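As written, the chains take the letters A, B, C, D and E, and residue 1 is the first residue of each chain.
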Amino acid sequence: ASTTSTQNSGLYDYLLPLFEEDTGIQVRVVAVGTGQAIRIAKNGDADALLVHHRPSEDAFIAEGFGTERFDIMYNDFVIVGPKSDPAGVSQTQDIQGAMAAILNSGASFISRGDDSGTHKREQALWQRAQLLPKGVWYREIGAGMGAALNMAAATGAYTLSDRGTWLSFGNKQDLSILFQGQAELLNPYGLVLLNPKRFPHVQTQAARTLAAWLTSARGQAAIGSFRVENAQLFCPNAKNEQELDKKYCPAQSLLK
Amino acid sequence: MSIFTEILSFFSGSAPDLWPIVALSLHVSLSATLLAALLALPCGVLLAISRFWGRGAVLTIASAFMALPPVVVGLLVYLMLSRAGPLGNFGILFTPTAMIIAQTVLVFPIILSLTVDAVTPLHRSYKPLFSAYDAPKGLIIKSLVWDARFAITTAILAGFGRAIAEVGAVIIVGGNINGLTRVMTTTIALETSKGNLELALALGAVLILIALGVNAILHLIRRIGLRFEEAER
Amino acid sequence: MSGLSLDAVSFQASGKTLLGPVSMSLDPNASLAIMGPNGAGKSLLLELMHGLIAPSSGSLSWSGKTPSHSKHSRAYIFQRRILMRRSVRDNVAFALDAVGIVGTDRTYQIEQALEKTRLTDRADQPAALLSGGEAQRLALARAIATNPKSLLMDEPTSSLDPEATEDFERILADLKSNGTQLIWITHNRAQAIRLADQVAFINKGSVTELTPATTFFKSPASKPAKDFLNL
Amino acid sequence: MSIFTEILSFFSGSAPDLWPIVALSLHVSLSATLLAALLALPCGVLLAISRFWGRGAVLTIASAFMALPPVVVGLLVYLMLSRAGPLGNFGILFTPTAMIIAQTVLVFPIILSLTVDAVTPLHRSYKPLFSAYDAPKGLIIKSLVWDARFAITTAILAGFGRAIAEVGAVIIVGGNINGLTRVMTTTIALETSKGNLELALALGAVLILIALGVNAILHLIRRIGLRFEEAER
Amino acid sequence: MSGLSLDAVSFQASGKTLLGPVSMSLDPNASLAIMGPNGAGKSLLLELMHGLIAPSSGSLSWSGKTPSHSKHSRAYIFQRRILMRRSVRDNVAFALDAVGIVGTDRTYQIEQALEKTRLTDRADQPAALLSGGEAQRLALARAIATNPKSLLMDEPTSSLDPEATEDFERILADLKSNGTQLIWITHNRAQAIRLADQVAFINKGSVTELTPATTFFKSPASKPAKDFLNL
């Protein structure tokens, strides 16, 4: 089970054939909302879980559903909106300023409103800026990233998106990235293995092989070399992250 | 029992917005069904009583359009109503109106196809009479719709079932905006994606209860004049 | 040209000629009994006359108008019972609605027709519950309710008991004396003698005879008619 | 025209997996429709010809269940087939089998309700004959299904339309796994969420074409013995 | 107890007593003509006898069995035309399928019945296209095809021409002489005289008379019967 953002970006279509070639193991991805993914895993209907909300992942392990968590990669969130940028978000210096500019301008903002990793991050950003988003301009849509982007495109609204989904999104119309590149916007993905004691039917061995492959030099290199429209989408950050970061994910590519 | 707890908490404390959601669901789906029925009933009767070249093809196409996926209808309406689209100026995208339009499109072929079959056997027995008196089309439509109201009710309820149960079209053209375009099914989909499966199921149960209410009312209405319908020797 | 006239009318179906060609004409006031064995084509002929089916060749007219353009001035009783799933009264009402008779005329004509056919006390019952004979009376009520100029009837007394048949004939005789034209199919010779001015005899799809009723029953011209009458 | 380019590129180069997806869609939805029809046709006929206390309630409930949302059915079947659920040991979650089960549940009440109305008028005219000969139930079912095959075909096609067009149930119990449980509608939903609206629409067009094919075939089949069906005087 | 017996049978509907109470019994070989005016309750009585409707009170039996448990040994011709949307042959075949006659018997009995009713050359045509008289012949074909012990018929010759009626009566006379019991409704007095052993006369829901046919037509006991016969 996995979140949708990784699937929408096309990462799995690129990565998994390589994995299958190396190990002969076929991976079946069920891409759903973060909450649903965790729920599927808690029911024992998956062998491994890949999401991007650290607190939920830690709780999952603490409650005994999972055994280990592996850092795999990260990317970042960006604020997209209409090119004309009525709120002047692109002029702001930091993320707090950007959020305030949107709130003060009265321009529409589309919130995922679905308790997903992205939604939780967005809420955290408002909170850190000490703002309370409320009003007709703040649209809580309760849907996936793609739906949020489709709505933003149709109505000329702002929204927070992960870079992967944004880059591979096909209905950008008048939208573009208006704000990016701050540490608060980093978005780490982790792989959690399920507890075989609790779920005896789980294919632990295959899941371990996947974790090992993803964190191996070859797996990490593959993640780093995945590109959409010549842009790198994910930065590998498994244990030896210092080293890899330098090699595959120069800080400036994300944190301009 | 946990389901009931979930429902109750949804009804009351944690999420007090159930009633507007239910109301909007009913408003959108009943409006769409009504609109589709107003168009499809006369068309269906005319299709049932006419013979023309290409009639078989029309019937086949109509029944094939029962397979129109809600997402596709949603997309089409989205593209029409999007600011970049031909009807973008009306600004009705992401409003209940847009949702009604999309569901009407979805429901029309269902009521149409089923109406044709609902009135065909009755028309077979009434036809000599209509023909002998050269009855006006309006009277024919009225007579067939009324006297076949049992099967026609089911046709309309099949359309209503499709409308109230679908999520693909309303989420695209409505956007599932909290307090504005959120309906039962989009809420169910949302809670599902949050992993709140029990809550989602509980909402599903509420939806079925509501559907049951609508069905019961229509089933009662169609019993008007039942003794003429059921009189048999 | 006034009255009904048929010009080389024929009817084909399933690759066979089932009727005709028939040429004949009939005065607007002459009543016509159509007789002949089962399957001869009597019902087809009557349906053609009213424009219920279209001739495969030839043409028909009622005082110059096509059958389909003059339906409201006629009424038709089918051989089969054809009733709507409604009350007895609403079955009669349908005919008036179809012809466009509204207001007090509508109510009056409905009640008159029900009374003449002795169905008034059954008026609110579902028509589907009527007995065979009662249903046939309802068909007559519906037919006379619109005050048609011509009354076309396909074996209208087949299910009636002897007394009801007499009643029925009395009503028809009244209508006839008030200028209504009767064109009907019957296997009942005595009935034809009592009510018909002319008799058309059909055999195997051909109208072999169209003669005044008195002549027909005494000395039919054609061999099939002679056989039919056991003469 | 861009739609055709999109379709073509989807068919050929960039995504060569269209045919397996189409095949799986047809496999799942036709199987579910067939299964549901095999159950619903006899039940529907029996419901149409029987009179018992509570029959009206059964009919109302059946037609209300036409409003069963796919997502809810998906959830129910998911919870049954989940490892944590009662049937978890079969390990059929996220397989085509699970999808067929979910769609069968979805389609059954539709075919059932429509079958009742499809055979009711015919039964009204055949009933005296059945009764006079005390005809066995099997013969009655056979006779009514065959002689009412026009309306029954539409009932089945309405069920098929629901199955092939729905996404909510199959995505939950199938998981939209590439190469294993990905069908037309889940692909359309995925492409929509990726913002590839034209491609999604193009796939919708393909789906409708396929539905048209299925409808055309059934419409041709039901014409067998048409001259007896249409014979009228 | 052999033969048909009715014990205080009555039938109510729509809050009215439409028939009975009727008590009578009939020898297994005696043929019975049921007569009476339209709406008297003839069809209801015949339907009760065959178990098509259930009595509101009282009970019936055929040699001790309830009507519903002995249907396969009888056949029934309805007053209305009730045909399946199939070929003429398949309409006959249905009766054999319902009764459970299979194999060569099935084919033989179908073809025999079609031949006796002169429908062989129409066998493959849709039954819906038949004329009124032809449809009535088909009803007879379907009824005799299962070789019933008793034949219940509701005005079976109402749409037949005089010659076809004779044919029909000839078939019935044959069956009767071979031991088939005939119970039928007719408005045709001559027919009743020719074929009936007993006559039951119904008026307004009451069986006022059950007498040997010869007695009935000469000197009916009841006043209504006298009126009906114009005596």
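Simple rule for what comes next: contacts are C-beta pairs under 8 Å (C-beta built on N, C-alpha and C of every residue); 3 or more make two chains touch, one makes a residue touch a chain.
Quick caveat: nothing in here was measured; it's all calculated off a predicted structure.
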item: Number of hops, subunit A to subunit E, where each hop joins two touching chains; value: 2
item: Farthest-lying chain, centroid of Cα atoms versus that of subunit D; value: C
item: Maximum inter-chain contact count - chain pair; value: B-D
item: Centre distance in Å when subunit C and subunit E are each reduced to the mean of their C-alpha atoms; value: 29
item: Distance from subunit D to subunit A - Cα centre to Cα centre, in angstrom; value: 37
item: For subunit B paired with subunit E, centre-to-centre distance based on mean C-alpha positions, whole Å; value: 50
item: Subunit A-subunit C separation of Cα centroids, rounded to whole Å; value: 83
item: For subunit B, residues that touch 2 or more chains besides their own; value: 78, 172, 189, 192, 197, 232-233
item: Overlap residues in subunit C, where contacts from two or more other chains coincide; value: 43, 129
item: Sequence positions of subunit A contacting 2 or more other chains; value: 32, 144, 147, 150, 153
item: Residue ranges of subunit B in contact with subunit D within the complex; value: 56, 59-61, 63-72, 75-76, 78-79, 110, 113-114, 116-118, 120-122, 124, 127, 150-151, 154, 157-158, 160-162, 164-168, 172, 184-185, 188-189, 192, 197, 200-201, 204, 207-208, 211-212, 214-216, 219, 232
item: Sites on subunit B touched by subunit C in the complex; value: 125-126, 128-136, 139, 143, 147, 225, 227-229, 231-233
item: Contact footprint of subunit D on subunit A as seen in their complex; value: 4, 7-8, 12-13, 28-32, 40, 42-45, 144-147, 149-150, 153, 165, 168-172, 199, 201
item: Complex interface listing, subunit D residues touching subunit A; value: 82-85, 88, 91, 93-94, 175-178, 180, 190-197, 199
item: For the subunit C and subunit E complex, residues of the former touching the latter; value: 13-14, 36-39, 43, 79-81, 125, 129, 131-134, 137, 154-155, 158-164, 187, 228
